[in-house]
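You will see two complexes here that share chain A, one where it goes with chain B and one where it goes with chain C.
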Partner chain A sequence: MGERRSAQDESVLQEREDSYINASEQQFLSEGIIDYDFRLDGRGPLDYRTIHISIGEVLSASGSARVTLGETCVLATVKTAIKTPSKSHPDFGFIEFSIDSSPLTSHKHDEEEDESRSPQEARSILQSVYQESGGVDRRKLCIVKGSKCWALFFDLIIFEKGTSLLDAASLAVKAALFDTKFANVTVVEDELDQFEVEFTDDPYDYWQMDATSVPVVTSLHKIGPVFLVDVTKEEQVAANASVVIATNSKGTLFYQNTDWKGSQFGFELNLIDEAMETACRAAAHVDSRLMSALISLPPPKSWKNTLL
Partner chain B sequence: MDLVSSFTGLRLDGRRENEIRDIRCQFGVAKEADGSVLFEQGNTKILATVYGPFDSGDNDDDDGDLAVLEDPTAIECEFKLSAFSQQDRRTRQGEDPRSEEYAEYMETCYRVIMFPHKNASSIVRLSCQVLQADGGHLAAALTAGTLALIDAGIPVKDLIVGCSATVVEGKPLMDVSSQEDLQRLPQITVGVIPRNQEIIVMDTKNRFHKDLLAPLLDAAVKGCTQTFQVIEKIVRDHVRKAAGAMSS
Partner chain C sequence: MAAVSGEVMVQRSAADGSQNDDVEMREVHISKPNTVRNDQIYIPGDIILDNTEGQWMDGHGSYYSVLPGNHSEIIASVAGLRQIFTRVVVVDPLKSRYSGEIGDIVVGRIIQVGRKSWTVDVGAQRHAVLNLGAINLPGGELRRKTEADIGFMRRYLQEGDLVSAEVQKQGADSQLLLHTRSLRYGRLVQGMLLHVQPRLTKRGKGHFVSYETFGVQLIIGVNGAVWIAPTQKQMNVPLGLDAGEQQRRVQQEDYPEEEEITLCITEEDAKKFGAKDKSKEHTTLPQKPAGSSIASLEVRKCMARIKNCVEILNREQVPIHRESIRILYDASRRYEPKELLIPSVAKEVFESVRQDLREQNPTA
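On to the complex of A and B.
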């Protein structure tokens, strides 16, 4: 037992040595945040880095959005298809996620696997936020109960992998859903009581889903008693706990996951409440900004060109 | 619907038989990569990125130069078709023999224009991610790859460009769009060094009579020449800008 522990301690030490910033840098960073609410790049604890969003860039998809948050860059696309709903949920549509690391991220060789979440973990979190917990109202995807429904395939490409990957991905998912165009369909019943779905030829004949109440994911990192959103790499190393929370504008909680990082600083139970509160506030802020930005966005030029 | 209108002689997208689609590119879109280009030919959109040169690790073995002699590659290519790039979503990802074949074509091409002795025991990684596939992916990928290599500052002897061609009712059409691609007509894609009309790779799709090969090849090579004229101007402008930025 004793031997095992010492081996573990050693590996912890090893990790510290390899880590991105050294101990005194960490201390400088932490003290700035704890004493002055001031981060290395001048942001306050709940400030995001500049977020760039563009929608409708991928013409072959039903909806798409590219989000750049700091150095992280994610492209989310939606493809729609008609499917038969499952027997257990006859009035629910399908939602499926896939995440592909772009060649840009997979070709980095010298960089060690950092502590940001791996794409597959991000995929399962997004799947549980938007599908299992009902982040997207799947009843809206139903066409004929028990027979026909929409299936949404979200394909994400990570162009540049940095910190706050989940936050950026969820913003991209929400924006892509906002952009998604569902063709208006007519349902025809044939002699055998089978339903057939017919599409119109008019590309302008579509409806869009109300994405207002779709949740966004906020990952919080805790340094001392302070919670930070959208951390940089340095702050990620210096943080002693983190929590991932998905909420929507109405304050509904869809997902929560605490990361126990480092055994000596756990996530104290009484801090969960505060973390929630903070995450909801940050999420509400970024969510309202996102929605107002999306509504004011003009349709991209290329979008018009293809339909002409 | 006819692929070529019998009244006007125009194709579905309004082009003539011997016209290529518009080419647009944007350099340096991926900040992390050593070289990158977002290449658009009509609605086909490809993101090509270059990383390297890296140490290939070949010198770790004691056989030293032998490895270099055997395989003066110095380049490794990847061709990826995004799930959302086509009309129907591709469900199976990763294991696509077609993509691997395309990657090999690209390697063959760039091996010809690179200087192997300058890149001894080093390796360049090039990957093409197809974001929108609207016909002529391989052709566009070959052209985009050349541009990405140039953006990365990898020395090359000449430019490789690609072009596809098909034949409709005896008339060869250059630069195939997806509507024409869907008809399962005879199709050919070539990777060419246009300055000396040297064909480096050639890929045929769907069966056709051998007599059709000559007109198809002719159309594809002519398409390459047209592409080259556009690309050469783009490259010269880009290099001039890059050199200007360096000196100032």
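On to the complex of A and C.
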């Protein structure tokens, strides 16, 4: 009672408060999954909770989407700009990511977490999926080879950080890209062989990128021999391994990573195939549902910012 | 092979220009309602009452503000509902931490084993304390706690263990002191915990709920922690009692043998557990206790349904008690437990019993 704890102890305890479950709870949770394929909330291993996506919320952005997946909530916005392509890839556009997890947006946020690598790790994974591995066809962003190209700046804000952050972030990126309106431009060449880009005056004269084959990220967690999608926090704690993949509708693999969580029961070799196959099926399902929902939406009308 | 399922719902925000081409400046109405409904929610900064004549006093969650021209107002400082006691205006917050009262039944998690006491997280502003003197130890209620008992504290309750307990008293600095000196309280094993808003779990009679027909038992902690577990002979493991668990710890930590037999509280249990202990002395597996899994699929389905029902009640701001859970449970029977996670289904089920739920009195 009279004991005084240091601030550091306090923060360790705070962290536990949220995610710690004891061995007995873990055993109870795992048993249902292993014996009956039955999770604590009644879902089967491959059942997602309903994913909510709202696009076009940010008026000042060229495209935006907010994704809610379980407790996780991520907003992605796209800003478009004209840039000069790099010398090494003269016919490629640019894609840049930044992820921010603001303390104002969640009551669960604490500074410790901000210091951790997690959002930065997510940023580098997204960067590698969408830019380096060619998840987005950057040739489509070229305007004049070697001189002018589009640059896409993806700014992600984590409103609430739950599980499956990467899944939600990739869905937000894909939906935001689908929503992005590129103004049609005319290129004028002046006397000095320099190119000038002129935007159209017509606010309805725009084009949109085909986002169908843009990849989505799917993470699976493994409890016993069972793979789970869209895990809860408790399941994440109880899981003994996880796999993260990025695939698109054509089945191309853009990223893959397995995490053994330092456990002796990591991935048995024969389970890797099953894990990949399951993850691809889950990704295909989410991707097809996302695309069919996106296509049924009415198209946006103006490329100009409504606020301007 | 199991099929992947799950829906993606996409909407275009109404704020997008696609709905109306030009941004329309809508007229902004700032209205002060003349008649105040009792269920109106005030947010911080809202004017609750005009206090020019000085007839009101500011209570919890509200403050008094003097404006130029001899004008003054009572303003809300938290989001919540207004309550007026004679002259005092109080805003009852919608979302708040648990504040304990003596006699509350709470479910908490051990977060620290200290000297002579455990620190328990009950979701209050400060962590609660469970003193070594406030638990029943093997060997009788009135036994003196010795130095040896202090040494064995971690064997009764470890970090991460869940306990049900009662608030014994409130310290001067609003720190709660707990006790588990009853067979009803103790360590909770094999089940799941969920958190709801503490204001929905009102103090009342039925905090220990048993749905015998479903084989499920509940502890609805006043602090908003709800424990759902399959019915066992004892849902709570009185501290240092559970035979299999105890034996496991004994084997792991070389607990003195003679203590083990006196760990049971009633003689009947002592015989039962004592007999069992010997029979499976050499066959205990730490991972899985003897027999198959603790809960059958049927029981797990009931638990999942109860869990989802409690979460709907929590979302819809309805008091959570034995009857409200039962009403929603019955109404949800035509759906699979997992279908209750779909917002439209949850809404439909809830709407079908909204009236029944409203008529329920939490203390009944």
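To be clear about the criterion, the second predicted complex is superposed on the first by the 263 of 308 C-alpha atoms of A that agree within 3 Å, B and C clash if a C-alpha of one lies under 4 Å from a C-alpha of the other, contacts with A are read in each partner's own complex, and residues count from 1 in each chain.
One rule holds in what follows: a residue touches a chain if its C-beta (ideal position, glycine included) is under 8 Å from a C-beta of that chain, and two chains touch if they have at least 3 such contacts.
Just so you know, these numbers come straight off a predicted model, no measurement behind them.
Student: Could you say whether A:Y36 touches chain B, chain C, both of them, or neither, answering first, second, both or neither?
Tutor: second
Student: One more residue to check, A:L59. First (chain B), second (chain C), both or neither?
Tutor: Both chain B and chain C are touched by A:L59.
Student: Which partner does A:L271 contact after superposing on A: first (chain B), second (chain C), both, neither?
Tutor: neither
Student: Return first, second, both or neither, reflecting whether A:E160 touches chain B, chain C, both chains, or no partner chain.
Tutor: first
Student: Once the structures are superposed on A, label A:G44 by its partner contacts, choosing first (chain B), second (chain C), both or neither.
Tutor: Once the two structures are laid over each other on A, A:G44 reaches chain C alone.
Student: Touching A:S98 in the superposition: chain B (first), chain C (second), both, neither?
Tutor: first
Student: Tell me the contact category for A:L253 with respect to chain B and chain C: first, second, both or neither.
Tutor: After superposing on A, A:L253 lies clear of both chain B and chain C.
Student: Tell me which partner A:T77 touches in the superposition: chain B (first), chain C (second), both or neither.
Tutor: First partner only.
Student: Comparing chain C with chain B, which touches more residues belonging to chain A?
Tutor: With both complexes superposed on chain A, more residues of chain A are touched by C.
Student: Taking the stated contact definition, name every residue in chain A that is touched by chain B in one complex and by chain C in the other, in rising order.
Tutor: Dual-contact residues (chain A): 59, 306.
Student: So in the complex, the part of chain A that touches chain C is made up of which residues?
Tutor: So the residues of chain A in touch with chain C come to 1, 3, 13, 16-17, 20-25, 27-29, 31-32, 35-57, 59, 171, 175, 229-230, 234, 281-282, 284-286, 289-290, 293-294, 297-302, 306-307.
Student: Taking the touch rule as given, give the residues of chain C at its contact with chain A in the complex, in rising order.
Tutor: Those in contact with chain A are residues 2-13, 15-18, 21, 23, 109, 111-112, 114-115, 117, 121, 127, 129, 131, 158, 160-162, 171, 175, 188-193, 245, 287-288, 292-295, 297, 300-301, 303-305, 307-308, 336-338, 340-343.
Student: Write out the stretch or stretches of chain B touching chain A in their complex.
Tutor: Within the complex, chain B contacts chain A at residues 30-33, 36, 43, 45, 47, 49, 51, 54, 78, 80, 82-87, 89, 93, 125, 127, 129, 131-134.
Student: Quick one: which bits of chain A touch chain B in the complex? Just the residue numbers, please.
Tutor: Per the stated touch rule, the residues are 58-61, 64, 71, 77-79, 81, 98, 100, 102-105, 107-109, 153, 155, 157, 159-160, 306.
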